[in-house]
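By written order: A, B, C and D. Residues from 1 in each chain.
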């Protein structure tokens, strides 16, 4: 199952090479996964308000073609793995011509906002993820 | 009295025009004023740890010449006004050739970190600022 | 005459105060004015491709209330002044509750992309702006 | 052989979690590798001026501990692989207490600035890298 969101490349996000700065894809991944949660009926803000934070512990980015200023990008997000204590997301970024520009993966863990210790995914969140991405 | 700090322009801070993106000067001003406090013997972190935050309520930027990638910039910072509840800083950004590139001003207020209400400058901070920038 | 666009605050745009970093409003203004041009039937990219760049020479920002993570912001953009060689834009940023958070103004000039010298606004661009914002 | 550079975490680089936003490490890696070139007696700017650009084609980041506001970070940079058409860098980011916070790797390729096609590393650059990082 896939979720898609679109965003337009800002001038601020380009660099003197004329393309999107390579560090900005992490932000695009954020937009993709946050919008996936919204499309599922919740939000990352809601998760944080329930006392859980999800820091990123690993990221991998493959840059295939450059994204350019003013490009309307589509970010396709999916959950690759879910263990109850960590989630691995995959992102595919493509442009309006359908060209695949970038593929990324991030692993996030659950942290208790008060103790700053690792914790388990809240039950409602686990159920939500597994409904859309049944793991085997 | 003036305080100076230097920084080198990062690729991430440029845009496709080949210059520093106009929104990034606010960050350079931050570097200037934070380093001024450090040179005075304190730090903005210390101020926050004492229970006070200083959000910006006003900013003005004049862009005279563009800063370029890899330029070594000097930021000259001074306090223009101090009233006990707000501080106005002025910044002059120049390059290695001594060319003046940018002039900015920001006004910051004091906020109690717990109540999120405006408050007065801590006495020790007031004294520190007035020692270096006596107001008349 | 006014033009409106919306954007959602990204985690990347917040700072440890929990609000949008004060330097990021310049980027929001960019989104507002670029989207205004698109709503008028052109784009800033098209302007650049015709050989003209529009660097910012002045900016002023008034921070009234903080924007928070995940807020859906509305940016209302208008042209205050147009002289044929420079344009002054005004921006009003508000949240979903209709609270006015931030007011900004930027002045941009026209630069020839080849000579890097100031130039006049292309006729078609002048006409487009004056159609929507008749100056007296 | 290792090269080290230091930088101080800016408020702009933190997010509402109170730590450095995960996407900003790419920028820290940039600072590390650019400073490595400077310590070798050249600069990335010089490389670009000679007609070669080095876009990133792959990045991997491991987040071990969070970097905090105002932390003085050390970035240790080394070249892991060099083939004449691509370079793999490794970065270790640690704080003043010597705690290892982040490990990253990026692969960059050589692109001709005029044709935008892949090219070989300029001879002088190859020699410079191999002098400091002899490959076997």
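By definition in this document, a residue touches a chain if its C-beta (ideal position, glycine included) is under 8 Å from a C-beta of that chain, and two chains touch if they have at least 3 such contacts.
Because the structure is predicted, anything quoted here is derived from the model rather than measured.
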Comparison of A-B and B-C (more C-beta pairs in contact): B-C
Chain located farthest away, centre of chain B as origin (C-alpha): A
Rounded Å distance between chain A and chain B, as computed from the means of their C-alpha atoms: 33
Euclidean distance of C-alpha centroids - chain A vs chain C, Å: 28
Centre distance in Å when chain B and chain C are each reduced to the mean of their C-alpha atoms: 24
Junction residues of chain A, two or more chains touched: 11-12, 17, 19, 21, 23, 26-27, 30, 69
Residues of chain D defined as touching chain B within the complex: 10-12, 26-27, 30-31, 34, 43-45, 69-70
Contact footprint of chain A on chain B as seen in their complex: 11-12, 14-19, 21, 23, 69
Complex contact set, residues of chain C against chain B: 17, 19, 21-27, 30, 53, 55-63, 66, 106
